[in-house]
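Listed next: structures, encoded as structure tokens.
You will see chain A twice below: alongside chain B first, and alongside chain C after that.
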Partner chain A sequence: MSTQVHANLTEEQVRAISDELDEPEWLLETRLDALSALSDLDMPKVIRTPGRDWTNLDALDFESFVDPLEGAEQKERVTAEGAEVLEWSEAVAEHEALVREHFGSVVDTQENYLTALSTALFSTGTLVYVPERVDAEDVKIRTTVDSRSLFNYTLVVTETSASVTILERQSTGDEVEGDRYYSGIVEAVAGENSRIQYGALQNLSEETYNYTLKRGRTDVYATINWIDGNIGSRLTKTEVSTELAGDSSETQIVGAFFGHDDQHFDLDSKVWHYGEHTTADLVMRGVVDDTARSVYEGVQYVGDDAWNTSSYQRENTLMLSDESEADASPKLEIDNHDTEASHSATVGQIDEEDLFYMLTRGIDRESARNQLVEGFFVPVLDEVEVGELRADLRELIAARLRE
Partner chain B sequence: MSSEQEDLKETDTEERFAFKKEESSAFKTEKGLTEETIRLISEDKDEPEWMLERRLRALRQFKEMPMPTDWPGQPDLSEVDLDEIVPYIRPDIDTRGGVDEWDDLPEDIQDTFDKLGIPEAEKKALSGVGAQYESEIVYQNMQERWEEKGVVFCDMDRAVQEHEEIVREYFMTKCVPPSDNKFAALHGAIWSGGSFVYVPEDTTVDMPVQAYFRMNSEGMGQFEHTLIIAEPGSEVHYIEGCSAPQYAAFNLHSGGVEVFVKEDAHVQYSTVQNWSKNTYNLNTKRAIAENGATMEWVSGSMGSKATMLYPSTILKGRGATDNHITIAFAGEGQDIDTGAKVYHNAPNTKSTIESKSIAKDGGRTNYRGLVHIADGAENSSTSVECDALMFDNDSTSDTMPYMEIQESKVDVAHEATVGKIGDEDVFYLQSRGLDDDDAKKMIVAGFIEPITEELPIEYAVELNRLIELEMEGSLG
Partner chain C sequence: MARLEIRNLHAEVADDEEETILEGVDLAVESDEIHALMGPNGSGKSTLAKVVAGHPAYRVTEGEVTLHLDGDEFDEPIPEDKRTWDLLDLEPNERAALGIYLGFQYPAEIEGVTMVNFLRTALNAKFEEREELFEDEEDEEEAEEAGYDTSPMEGPADEGEVGVAQFQEILRGKMELLDIDDRFADRYLNAGFSGGEKKQNEVLQAAVLEPEIAILDEIDSGLDIDRLRDVSTGINALRDEEGSGVLMITHYQRILDYVEPDRVHVMLDGQVVMEGGPDLAEKLEDKGYDWVREETYGTA
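Now for the complex of A and B:
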């Protein structure tokens, strides 16, 4: 299976984008390599069971919504004291060595068709650089997409014993006729004993096809915590993952989603335990209403040398409508026996008894349902350590329930 | 060494599975797979025309289908060279469809099955025994009182002759069509032997019926077909055991099992699989359960080099129930990829899957399972539990469940754990005077107990013994 190549994508476009950002030669080369690799690359893997594709990416007509030179957006970057939060042209100007060291080091630029496409075409990017021992509390990156397509790139680097909390939001601004496409690649490199907390809230318009890949790698004693909220978009294919490379490092991946109408969410949470004494905790909760469909794949891999690890995963989906669908595949791949690994997944509806109880208390059916759904999200919201993100997520969920 | 181990040494279990006989056959096809071979097999069996046509159609489908290669983490099948397989060997006995008297069997076959404990089992607790040697059933017996009630238990080839209409309706049509997968197609082309079980309405066969399959020749493929039809309100428990001696070349076992569980009927299908460790065990087993019916799969997979087996149940009728119980044990060089598939296609259906696996000495186990709840299958529930135990760092233990839920009024739960044998548990048992080996054996026995207790006692004992034998290899 090989994917369609864009007849309308050219080297000149890639050169123009790179030139606009004043990029060094090596980065341009990386982009061009990615462009020429497109024809040999496959779409990101999706789950297939007999007779069914859980998500069909090949059917997407990228031609119609990729507009390489028209990446319009509004970007708001809030920086915290001691940290540097730089737009891409500044990043390559001021920290070229750092960017060169880490760009493409966590996510292979040619991992699949969509990462290569993003590498070739990203026109906006952010570097978050937190030097040794700096605590950066409130970094914010807000992206508002105004064009048909936008390719976004984020690199987070924390040095030894640094820590950072980043809150990222994607939404759409100006209306555009027809379908849109948003692509975001995030690489997080956590140095020794550093800590990255990365919260993201995706609320793109429901004409937007969304591909995001967020992946981090930990050094010794480092921590990467991801929080990923998915509310918007028409189709989302996303992976949030951590490579626990350093001994005694840990990660938490918390996800929440709420799909309605004909939204399709394909959400992957993955952790690779490579180092010893590593710990992972994957939590995902979501709701599907109307004809929405959720697809969840969770992978916990424990490598040969990953002694004494703990790895937990739980996923719960609540179905509000009979026409919705919830698919889940929580996987364990264990190559070292010195582990404690478990996962659990449930799918169900609102508990009739709970609903009945609330009705007897004089609450009308609608509010009772809303409160129960909000209650369903509490266990994940409690895991969200970023106050602002928690509040926003709660608000969006409440708004969707009362539409 | 403890006395328990001494006892174990004196049992003949190891011998029972290690010996092999000189192959002697009346009719043996050439290696490989051609239309000519299929015609020869069908002719040798004196089959009706429609069966030959089904075989040939399956062969065509087989040739068109690709080998499965894109399953995540699937066992390596590159060694399976279908041109090297001898698809059909008829043992050298006079009676087609098996003999009814044990003493009529040739001595070497008698001896083989004696060692496997077949006649003993029959004497003790079984209502019928069928034994298949190479491609054909060599011995088949059903206790008279069941025959009087209209219960049929005979070999599949005889069923094609004597129960043609039933076989024609059910054989690889609605349950496992050859187009299902490459190995089902292969099976459809060259199947031979196997069992046919027919239980009339409201009849309860209260003792298990048993079949034993054995491959004795090198480079042999065994493709037995089992068809079970349980009419409304009936009940039957079918047990199969499998073994083969060890040869250098690989063997291929690609059986087909179709079970029809009619309204309110109850079928239990138990397997203890101990194929030699050069066997590729690629089976298709499926049941269709009607209203209020219950299907139970109990599987122990100890043998084979690679197993890909996912017994499946289609819960077609309202209120139908499925239970899966599987144990997999993978030692050195083994890749046991097994699990369950359940399709909830009607309201109020229920499934329970319990899987236990043990990996040691570089073996790999994988639970691969699919639960599908169709839109409209309201008030259905499913619960999946997978537990895996790992002995060492060379082994691999994977869990790959898939859940597809298209109905909201459901209760779906999946849980899985993977861990090692607890040092503290071993220490505790050692402090009680057990040595390290015995402690581990006891922990393993405890780990799989929820499953062995579902098996008839002879099988539970055999399964435990097989596991003890497996463990002795490395622990001793």
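Now for the complex of A and C:
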């Protein structure tokens, strides 16, 4: 059923990007395969409620904002002792075997139209490689988009008993006339008994359409924790997910978002329990103001062989205006009944009695509202183990409230 | 000395005009006095409290609620033309800034907002709002012409708001006064508090905000005997230490063993139907509300 961009994309463009990064032949072939698959691929699935597609990706005019050869950015990479944090050309030069083993192993390059587009066109990327038994704190990757479009790729690999904390931020730099597009794919491969903590904070300009997919796979006893903050962008379609493949592995997916004006957030949190004794905890809180919209889908899938699973999910959305809209669907699919699971979602407005209580203490309506909203985010912020990310997120929320 | 005066107050539920719940209430409370407002369930006591505080669910159809200030209540003298306020014209937070406090029967539980931050915000908001209410437009203009700033009603310090450290000090003092656990300060506002802790917290907040008139709605319900004693100590301190006037709503005699009221008012069917000294409460204890009904409407 798709779509528009590929009409003006060429093999030559893809070859030029790959060549620029000195990529090996197999990777170029993977990119070219993705390019030629575009015409057969659909957009990622979006929530439908009766009579409504919440996010219409097919209607986006990709042709107007995808500019494959002009990708420009400022990148700041902070490495931690013992870990390797490499830009993409170095990654393929120094760790080709590792990259070849894992590239596309967690996220199918042709999973949908937008992953294939990103695979064909990514011009910047990062490998975070943490060897056995290394504890790496405070890896940072900051991407400032200067061009109309940017396609970014990140691969995280932790070997046995290694651990890493990564903080990724996206924002926009130079002004560009008209709409922009950012696409980011993150694959995380957590080896036996290793731990990946991946925090991301998206604060792109409100002319930017944003597609991100972050997915990890755990080996036995491994942990992957995601924190995903979404503040910026015109439209965001994002998935954060973990495949709990190894026995006794666990994941936490924490999300926070704050939409205002005409922003649109479409957010998926997903976990697949495949191994035995696995644990997942999905927590999301968000606020929509003005005419902003949010749609959340949380999926907990428990496979046939996933004995002794624990899986929890809770989502809360707060609407600050009568014109904002929110939808939330938590889903639980269980094929093994040796499972302890819960899922809940609420969509609501500020409680008038709470507000009145604060007014009677002398606090004016606006500060009362701001305190209630900041308080609403606290349970999620408390789950954020990366201090710097927590502080940044809190500051962005406070700034938005005081706009 | 401040005086809250309620005259012939009629009110109905805002989205239900048929239901009238205050039918002409007359009542006055002054600083340095504790008044008990008693009456059976449904007599309109809690509604009266909410109407005076400005709850949006009620509409006043007749009557007045006035706050008279002497002029020496705040840090600087209040000009004569700013001493009488028609509270019904004001927002709830403006009423609070002038010194009206409402202690709730069911206090809101607010997650993520610590007591200490909440109360510091409230205290500063109160000073700021007060400054706006007392701002003299002519003075302002003259001051502007003269090239300097005057603000007749600054907060506690002319240099601006109460800082974190200063506030910690204030809060610690009040908690000591009311014998409240230190950990209260860093807990989220009423979230996960026991019934008794919530009530104690309502009194603590009053002590921090130092109102002219505190209306405490069923502050004694759901308290065990120890907590009742603590809360009572707090209420007595409001009068004796802060000089506040207290209107204490209750339908139990129990708390009056610890807090001796200066005046007792009895409500029935949306009106104050009896008034008297402390002995009235004792009489009520003996004879019950049926006696009030009989006295009011004659024997059936």
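Convention: the second predicted complex is superposed on the first by the 401 of 403 C-alpha atoms of A that agree within 3 Å, B and C clash if a C-alpha of one lies under 4 Å from a C-alpha of the other, contacts with A are read in each partner's own complex, and residues count from 1 in each chain.
Rule of thumb we're sticking to: a residue touches a chain if its C-beta (ideal position, glycine included) is under 8 Å from a C-beta of that chain, and two chains touch if they have at least 3 such contacts.
Keep in mind that what you see is a predicted model, and the values were worked out from it rather than measured.
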| item | value |
| --- | --- |
| Fit or clash between chain C and chain B when superposed on chain A | fit |
| Partner chain in contact with A:49 - chain B first, chain C second, else both or neither | first |
| A:359 touches, of chain B and chain C: first, second, both or neither? | second |
| First (chain B), second (chain C), both or neither touched by A:327 | first |
| Partner chain(s) touched by A:344 [first = chain B, second = chain C, both, neither] | first |
| Touch count on chain A, higher of chain B and chain C | B |
| Contacts of A:78 with chain B and chain C, given as first, second, both or neither | neither |
| Superposition-derived minimum Cα distance between chain C and chain B (Å) | 12 |
| Chain B/chain C common contact set on chain A | none |
| Touching residues (chain side chain B, partner chain A) in the complex | 70, 73, 370, 372, 375, 378, 388, 390-393, 395-420 |
| Sites on chain A touched by chain B in the complex | 47-50, 52, 54, 304, 317, 319-349 |
| Touching residues (chain side chain C, partner chain A) in the complex | 53-56, 91-93, 95-97, 100-102, 104, 107-108, 110-113, 117-119, 121-123, 125-126, 129, 188, 205, 209 |
| Touching residues (chain side chain A, partner chain C) in the complex | 351-354, 356-365, 367, 371-372, 374-379 |
